[in-house]
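I have placed the structure first, in the form of structure tokens, so that the comments after it can refer back to it.
Chain naming follows the written order as A, B and C, and within any one chain the residues start at number 1.
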Amino acid sequence: MRRAGLIARAELALMVRSRVALIGVVALLLLSTIAAATSQAHMAQERLSRLANQTQTDALFEAQPARHPHRMVHYGSYVFRPIGPLAGFDPGIDPFSGTTLYLEGHRQNSATISAVRENSSLMRFGQLTPAFVLQTLAPLLLIFLGFSMITRERGRGSLRLLLSSGVTAGDIIFGKTLALGSIGLVALVPAWLALFLMALAMPSEAGAAAMIGLGCGLYVLIWVVGIVAASALAQTGQGALLSLIGIWCFVAIVAPRGAAELASRLAPLDSRATTDLTIQAELRQLGDSHNPDDPFFAAFKARILAQHRVTKVEDLPFNFRGAVSAEGEALTSRLFDKYFVELATVQRTQSQIVSGLSILSPALAVRHVSMAGAGTDLETHLRFLQQSEAHRFAMVQYLNGLHRDKLNHADDAARSKDRAAEQRTRIAADNWAKVPDFVFKPTRAAERLSAALAPILTLSLWLGAMLVLAVWSRRVLEGRAL
Amino acid sequence: MKHVWREINFLVRQRASVWAIALLAGLAALSVGLGLQEVARQKAAMSEVIALQKKDTAAIKVFATDAGDAAYYRFHPTWDPPSALAFAALGQRDIAPSTLRIRALALEGQIYENEAQNPELALPGRFDFAFVLIYLAPLVLVVLFYDLWSGEREAGRLSSLQAVPKAWVRIWLPRVAARFGLVSSVLVVVFWGGALISGAGIGDTIAFTALILALLGFWTLIATWVAKGAGSSPTNAAVLATIWFVITLIAPAGSNLVINAATPIPDGAAIMRENREAVHDAWDIDRDATLQRFYKLYPEYATSPPMQRPFEWKWYYAFQHLGDQQVEPLSTAYRAGIVEREARAGLVALALPPIAIQRALYRIAGTDMSAQWDYQDRIRAYHTQLRTYYYPFLFSAKPFTSADFDAAPAYAPR
Amino acid sequence: MGRQGLSLNELVVMRGGRSVLDGLTLSVPAGHIYALLGGNGAGKSTALFATLGLLPVMSGQVLVDGKDPAEEPDAVRAAIAYLSETVALYEHLTARENVDYFLSLANQSRTNAEIVEAFAQVRLDPTAQDQRLSAFSKGMRQKTAIALALLRKTPVLLLDEPTTGLDPQATQDFHALLLDLKASDVAILMVTHDLLGAVDVADTIGLIIDGKLASQWQAQSTLPRFDLQALYGAFTQARAGNTPV
């Protein structure tokens, strides 16, 4: 243990003296600090802008004049996906998915306005976020600083000298791991600090922040141990360096793209237009409100008339047209829900395939931890879509309720032809304020924690595998030194 | 040439080099295969939408017997078929829809529609040939070049090699050429295979090939320059990997931050909202005034009789168009902002050849942002064609027949 | 054809701001073996590099078979076979492939019979010719390198510490080969630490100190060829004088 400490200290002293190592570490710290600061600032600004948009949209809705309620159904509303408190650490899917959803009657729109369509194509090369710096850049720096830690000793013959003076191969490997681990720790500091500050500002997020911090720590440790083991196993320094760069390239660059490509093929998704058209066709099968003889709406009418013991819709105690609207909306909404479940199932399967592949690349696992922890993963987006649809349905049905209860059937039927009737179908503006505001219920911290559990486990498995490799490399090192 | 052949023979005797090149060939072939499959999938999805739309339209035709109803209920498909070279550079086609169904209503509310993509899959980017070329091929070149000189020095051979007459012509240039030649022929052959299958034009294929060679040439120069220096083999490898990392990952990401900060764009959500306000306000303001504003734009319909009823389709379509008109400055500014960002990215690319080459690949493959703008322009033009097709029936009381329903203009893709 | 051998004339070569060769003059006629002795850093290898035209010459002149490397470096290099101290061959190629490769670099081609003969001449086991060099001993590598030098058929041969790491038998074989080459009119310049080896084969022994030729001895026609005691005295003194400060 003491000897390992000495070896670690000697290695660190060497790194401090070597200007290249120092420049590398400083550059990494600088980049992560810039990334943390800009990403945090950008997400904070985005958060405010979406909040402002939401407030303004809601205010506009409430400020609409007296109108026919169906006009309000078509006027609709916008909802903006709020940004979680930890999104500054890892914006995740936020820039790659629509953030704005237009809610209106009869239709389910897609989430539009995404950063990726507003940015230059440079964005597709990667974004400078704390997560990116830690997941992609930090391992490369650790490789550069660590690949020759043991091959160098062997090449110079100092390994034999060390072993003959009573130092064990285990001491050497542990000492070098300590040294490279301290560099890893330094690399982690900006990210951990950023997470700590976020947790401080938002104590309910402390658990999620800790989970992300843990994931990042495990990830860095996996690299540290793996690099030391590679340095012990490789015949030459350049052999170690080349294989490590190759592994890095696979883990951090190739695997994420390959996994996405594989997932999109194993679980293909229909285009939005196809789904829309399928829904339309199915809707027409169920009930066509444009067809006066449609069996579904005819049955509905008969049922309503029977319920109220009347023979004509004009005799109903409410506006039958409003009731039809509500029934039609319920019908379409059921289909929207059904197809949304299909879409969400496929997308979740895709994401599960990607996380399953994290057995091939710890970068996928750590990305999963940080996106799930920060609430910037697919799950958050799907929830947003689902809750928005629920809100849309509630809003439209509230308005359809007004349509049914507050309007006179005869006026309503004549409103396109008769100006006076049209005026009478307008209901007071104070009704609009009673539409409930959209309140996004994000995944709770506890849910995010449990979602991050599986990838944390994968990372632990990776770490375990690296430790086994390190122990094995100790034997190899002992054998080779003789 | 004799020397180059000898060096190629020499290179393929080295196991590590063969592995690196074989791996690159495998990944390139995989990317081309995936790209071809993806393009086929996109085309199939388009045909599916067009076919489904035909059925939908037939169902609408049953009840939409007047022009107003037809224009209101009927969606018209537009689509942006992938070019023959899209397989090699899928580009930005994953983040914007390649089919969009539009109606003759206000366009601003329709044109920003998104595809139902899983954003977690869009996040890392595509695994296409351009990716293999821009990201992976340089790393293979690094592996082949980093110890070109230092390896000989470390093995004690450098002085005897330098002692060979015309060493540059007989050893070093042939060695550089052998590496460049092997890597580029592997990539070019794989690419040509894909181009042949997808039936790409000769001109585009040659341009694409030139870009492949330019990119590999750029990295060959960098790698040769570093390898020729006094550094040890591991130092050279680390320096080259760092240069690669900075050029392909850090510089573009950093530039993107700067460009975004320097080029603010109007809020896209605001455009949609303004459009909605403009459209819906029409219900509460004087209808005649709305029509008069419309007639200023389309004086040929000014003689249309005044409105008799609170709701008439012609008024409805008039305010739809006026809504688009009202947000046009915002919409133009929004687009100009994004175009400006892209233009500034072009300036950054001047300093970073790999970025410039990737942009050029996307350009040729028609998968870049400007291709998306072209598609939007075609949608806009088609939308104009569409609504002006319905105007005579709405404003001039021209009878709308079943034949007229069928004669609505169809979208003509690129 | 009249071969002109090799001569260095008042050669001055600077490296890193200091003159490594400071007016070195020596000459190696065709069919002559010259052993250049000197301590570490005396400028022995620099003399070889300057002869090959790999280092710029400040003043003075090198003539290799009548050609100046400063003016015609490629012609000069074509006239020289050079054996570096490290026996610079490729480990992943066989002996035969190494010879083919380096001959091709020199733009020369030899028949199979010539190559077989060269390997026989250096006494390399015929079964070893198709084995990779990674399996070779230092002596076998050396033999391969000499076979290559023979095949090059150059008028001048430069040797950098050729016997370092060779066992006595291999050294003896090597010296026998040098005498064969000498008999075929090759001018041989060999820099070495190995005083006793030099005494065995050299026609002239030069001692280089601080980039200058300090003394030079000609071989006698009668045994002993050199005055060993004088040589040894001068050599140890030079070594002591050249210990780095």
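FYI, a contact is a pair of C-beta atoms (placed from the backbone, for glycine too) under 8 Å apart; a residue touches a chain by one contact, two chains touch by 3 or more.
The shown structure was predicted, so the numbers you read here are calculated from the model rather than taken from an experiment.
Judged by the touch criterion defined above, the protein chains link up one after another in an open path, with no loop closing it. Counting C-beta pairs in contact, the chain pair with the largest number is A-B. Centroids built from CA atoms put chain C at 63 Å from chain B. Remark: chain A and chain C have CA centroids separated by 70 Å (rounded to whole angstrom). With centres set at the average Cα position, the gap from chain A to chain B is 24 Å.
Across the assembly, chain C contributes no residue in contact with two or more other chains. Residues of chain B in contact with two or more other chains: none. Those residues of chain B lying in contact with chain C across their complex are 2-3, 6, 10, 13-15, 152, 155-167, 170-171.
Chain C makes touch with chain B in their complex at residues 49, 52, 54, 73-78, 80, 82-93, 101-102, 104-107. Interface residues of chain B, counted against chain A in their complex, comprise 16, 27, 34, 37, 41, 45, 48-49, 52-53, 55-56, 59, 62-63, 77, 91-92, 95-101, 109, 112-127, 131, 135-136, 139, 142-143, 146-147, 233-234, 237-238, 241-242, 245, 248-250, 252-257, 259-260, 265, 267-270, 272-273, 276-277, 280, 283-284, 309-311, 337-338, 341-342, 344-345, 348, 355, 358-359, 362, 368-369, 372. Residue ranges on chain A touching chain B, taken from their complex, read 31, 38, 49, 53, 56-57, 60, 64-65, 67, 71, 74-76, 78, 80, 92-93, 96-100, 102, 109-114, 116-128, 132, 136-137, 140, 144, 147-148, 237-238, 241-242, 245-246, 249, 253-254, 256-261, 263-265, 268-278, 280-281, 284, 290-291, 343, 346-347, 350-351, 354, 371, 377-378, 381, 415-419, 422.
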